[in-house]
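Just so it is clear, A, B, C, D, E and F label the chains in written order, and each chain counts residues from 1 on its own.
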Amino acid sequence: MPPRASIAHSLLDTISALISLLALDRLPRTGWLLAGIDDPETIAGHIVSTAHVVLALGPNVDPALDVDRALALAVVHDSPEAWTGDLPKQVSEGLPPGAKQALEARVADTLLSGLSTTARERHAEYAAGETRESRFVRVCDKLQLGVQLLAYERAGLGDLDDFVETLRSLDCSEFTPAVAFQTNLLAALEECE
Amino acid sequence: MPPRASIAHSLLDTISALISLLALDRLPRTGWLLAGIDDPETIAGHIVSTAHVVLALGPNVDPALDVDRALALAVVHDSPEAWTGDLPKQVSEGLPPGAKQALEARVADTLLSGLSTTARERHAEYAAGETRESRFVRVCDKLQLGVQLLAYERAGLGDLDDFVETLRSLDCSEFTPAVAFQTNLLAALEECE
Amino acid sequence: MPPRASIAHSLLDTISALISLLALDRLPRTGWLLAGIDDPETIAGHIVSTAHVVLALGPNVDPALDVDRALALAVVHDSPEAWTGDLPKQVSEGLPPGAKQALEARVADTLLSGLSTTARERHAEYAAGETRESRFVRVCDKLQLGVQLLAYERAGLGDLDDFVETLRSLDCSEFTPAVAFQTNLLAALEECE
Amino acid sequence: MPPRASIAHSLLDTISALISLLALDRLPRTGWLLAGIDDPETIAGHIVSTAHVVLALGPNVDPALDVDRALALAVVHDSPEAWTGDLPKQVSEGLPPGAKQALEARVADTLLSGLSTTARERHAEYAAGETRESRFVRVCDKLQLGVQLLAYERAGLGDLDDFVETLRSLDCSEFTPAVAFQTNLLAALEECE
Amino acid sequence: MPPRASIAHSLLDTISALISLLALDRLPRTGWLLAGIDDPETIAGHIVSTAHVVLALGPNVDPALDVDRALALAVVHDSPEAWTGDLPKQVSEGLPPGAKQALEARVADTLLSGLSTTARERHAEYAAGETRESRFVRVCDKLQLGVQLLAYERAGLGDLDDFVETLRSLDCSEFTPAVAFQTNLLAALEECE
Amino acid sequence: MPPRASIAHSLLDTISALISLLALDRLPRTGWLLAGIDDPETIAGHIVSTAHVVLALGPNVDPALDVDRALALAVVHDSPEAWTGDLPKQVSEGLPPGAKQALEARVADTLLSGLSTTARERHAEYAAGETRESRFVRVCDKLQLGVQLLAYERAGLGDLDDFVETLRSLDCSEFTPAVAFQTNLLAALEECE
């Protein structure tokens, strides 16, 4: 009897991909770095925290989301950055349309396919943004920026007005609990000033 | 009309819990530290990597697992360590039976309930170890130790024989793809010597 | 002729304990971490600074203290944290009465007895808090929190009001020079606002 | 009635000295750095570990030492390095005779006198090396190098043969327990090869 | 009277560029990271060390080079990485031909033009590789990899065979002193095994 | 036919010097450290940034400077600190007149002569301060302090008034573009308050 899923990769590829992905624990979120936070959140830290935001808001979304699948999307959403690093908007805004997505897809083809076709599919679903779960995780990705921003502002790390603006201009209207969360984050940020 | 899930916590509690959980990105995995790895993997890095192991092996388990729910368990499995830190076996083995679990449950009651009842339930499922998904994630938690171990051994960071023993003595027999993965990790480790 | 002190441990145990204790140089003081200081003081840094506070205030205490023995207490007061880490008050306040002390005593039995019976005795004296020297070092332990707090506040690292409250509510009345020092720290902290 | 010890310094000087001394927690031991250990032991970590070596060996020295005063010497022995950093032998060996000691004495006059005359006296006793306690702490300072060396060798961090030579050529003959400890460290180091 | 060079940028742009470029001190060289060196050399460290290699070999090149201009090329050669990070070969080899160069040129247009037209010109000269000085700095950029590699191998940080291969296959034949240096580095690396 | 420049050193000395100089990437700028910036700019980061300031201002100086040679001076100006560390003004102001310069010259004789006579000459030119290029680089060295200061102030890292004073009292009058830059930095710093 064949295995449940076709194995398009050897375990050596799997091990190699898993070891490459460990770099997520060392690579900085560059937006904070360029704003003067010298030892910022790592990409791994951002992924875990985004998953926590999904867990906080997802169960209250109406109509109900598949929260567990949303978590799977959160887990893989920035995996290609193990190789590309976190390209800041100073770079990504200057790239030709679609270039960053094409780069990430090319990396995902190696790194995530090295794990499993499921891993590759979850990233593709996130990248396409066509399912409600994928759009929800994109919103949570931005709201997580608000969580870390609030932590930095409370710690007195300051020149972060652009990030407040990014959070303020985020359109969460598809997901009611996200709107309430955004409002509360912005209110908490105002208390820091 | 009431919200889909009863909200047992205010958003302030949610924000507070999310900010506490950011500490996972800064806290070291103490087993490596006590073995002389001075700047080891963080707990957040371990969580992300464990989720990647779940993604690598889960789709091939027969009969099929709910891989997405397993990922949810992986995401929360060490969340209480944001407050307790990663207690090394030198400490946990000396505690009265059940003491570490009781401590984690108490912390989970605050930290994870601060996110959502779903988050609290996923951690409780992991802690109980009664579902196949929870037992699978426990195996992946240990196999991730093998992934990081291999990375350290390849990098020449050496006095880690106890960890090889831990990996060798791991019983993965409930999940066939985990057995194959364990075998391959051990073979790759032998090549490092 | 027998050695001066009975040697209840081999030198291998001593070497092993000394190597475990090196972890103090890597482990963070978690209270600062949870308050948003991302790369905080280590436990070793706290121990050295507490000893410096003892050296600053101890010689002026009336009636005279045994300052050198107080320094010995300061040197060992947090040694068990090499294994337990620095459990933050979010955890220790939730433990059953005496549980944290019992945990530390159990670790001290291995780690400090591994050094010498003198080391174990000095920690026991600190933990019991029955001698004036031990109570003085406990006060200095808290005043050191004030020193680091002042350094953080001057550096603009900010959301630390709870720590100011902790310092303000500290009862130093048994040791006159400590009261004066506390007053000056609080005055210096007010200048930061 | 006058205070027990004349206060030659204001509390502001004390606070200022204590804050300067916090730098010990951030400054690297440069010998390791120049040998390729990129994130080495800090000076604070070295001070705590030296005090632990004193606690391990001091109680067994015959005739008996004042172990507590030896600990006081250990606590202050490298305090001036908060300002000078840890000058490596590449520099100190090239300085005119006595120049390093003169530099440290000058810094101690400000930094340690800022704490108390007792602190200044303890450093002067260590620097003079005329008492048995001070000579014992000097031996422990070198033996601590052996402890950290063993930890690095066990962790596979390797190009440290010069340090093994330094440890081997150390004359501990005044203190019998130190000789036994040195022998055991060297034996443990040989096992790493 | 007009300034010597037309100022195509305000001083605000200059300050902004200089602050962005500070990120070079925080960003890792990703090749080392993916090879398991968890806290590797920064890009700033690489730039300084490359300049040192230029200073070591440049004066001996025959016919004579303009060593100072070569240093200017070394100083700017990786400046765009303040925004892009150090894209590892896993990424750059998968990009369309010229894509990485185009990205760097686009970033240099903002970041280096923000300093001066001279800065922009020096980077363009390096990128074009048409002058002897620019080709020499390219060789030194690779030889610096050999210097850091030797430091890692001596420190026992090991799984770096690919890097040895990169160094071995480097064609330095245009610059005689570089050939000798390459030979010596490879000989020193062999001694580490 | 003899080589262009007499080679007073073997390549082994060169390699040894290059590896020692890698420490610049790890050593902190101590002024920031003592002002409470716990993970400050490295010396390598400062060197690169000083070179960038030279590139920003040098081309506009009238009469024209040799900007490339000025960059060479910037590259070597703090090289001896690989061994001495960055001695803070608390130490250097207490040294006998000329002592710091003599120390640096002695280290430069080994470290920089290990690279090439050109490297040694460039440092000697900087240290003497007799050429316009060397005086310009000294000014840029101080202006770089202003750049990093502005980055810290914008990031909310605050108790840095002494550094603002240092910048304000800097005499840049020999180099007109430096005066304009200083003025703009001070204006930007005022906006942070």
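By definition in this document, contacts are C-beta pairs under 8 Å (C-beta built on N, C-alpha and C of every residue); 3 or more make two chains touch, one makes a residue touch a chain.
Small disclaimer: the values here were computed from a predicted structure and weren't measured.
**Q** What are the mutual neighbours of chain A and chain C in this structure?
**A** Common contact partners of chain A and chain C, which must touch each of the two, are B, F.
**Q** Along touching chains only, what is the step distance from chain C to chain E?
**A** Minimal hop count between chain C and chain E: 2.
**Q** Of all the other chains, whose mean CA position lies farthest from chain B?
**A** Centroid comparison gives F as the farthest chain from chain B.
**Q** More than half overlap in residue numbers between the two sides of the chain B-chain D interface, or less? Answer same or different.
**A** The interface of chain B with chain D is built from mostly unshared positions.
**Q** Looking at D-E, E-F or D-F, which one is a repeat of the A-C interface (more than half the contact pairs shared)?
**A** D-E
**Q** Approximately how many whole Å separate the CA-defined centres of chain A and chain E?
**A** Roughly 31 Å separates the two chain centres.
**Q** Between chain A and chain F, what is the separation of their C-alpha centroids in Å?
**A** Distance between chain centres, rounded to whole Å: 40 Å.
**Q** For chain C versus chain D, what separation do you get between their C-alpha means, in angstrom?
**A** That gives a centre separation of 20 Å.
**Q** Where does chain F touch two or more other chains at once, residue-wise?
**A** 19, 26, 36, 38-39, 151, 154, 156-158
**Q** Would you please name all pairs of chains that touch?
**A** Touching chain pairs, listed by label, are A-B, A-C, A-E, A-F, B-C, B-D, B-E, C-D, C-F, D-E, D-F, E-F.
**Q** Residues of chain D touching chain F in their complex?
**A** 19-20, 23, 26-28, 30, 33-34, 36, 38-39, 83-88, 90-91, 94-95, 103, 106-107, 110
**Q** Which stretch or stretches of chain E touch chain D in the complex?
**A** The touching residues are 39, 151-152, 154-158.
**Q** Within their complex, state which residues of chain F touch chain E.
**A** It is residues 3-5, 7, 11-12, 14-15, 17-19, 21-22, 24-26, 41-42, 44-45, 47-49, 51-53, 55-62, 64, 66-69, 71-72, 74-76, 79, 115-119, 122, 147-148, 150-151, 154, 177, 180-181, 184-185, 188 of chain F that touch chain E.
**Q** Across the complex, what residues on chain C touch chain A?
**A** Answer in residue numbers: 35-39, 156-159.
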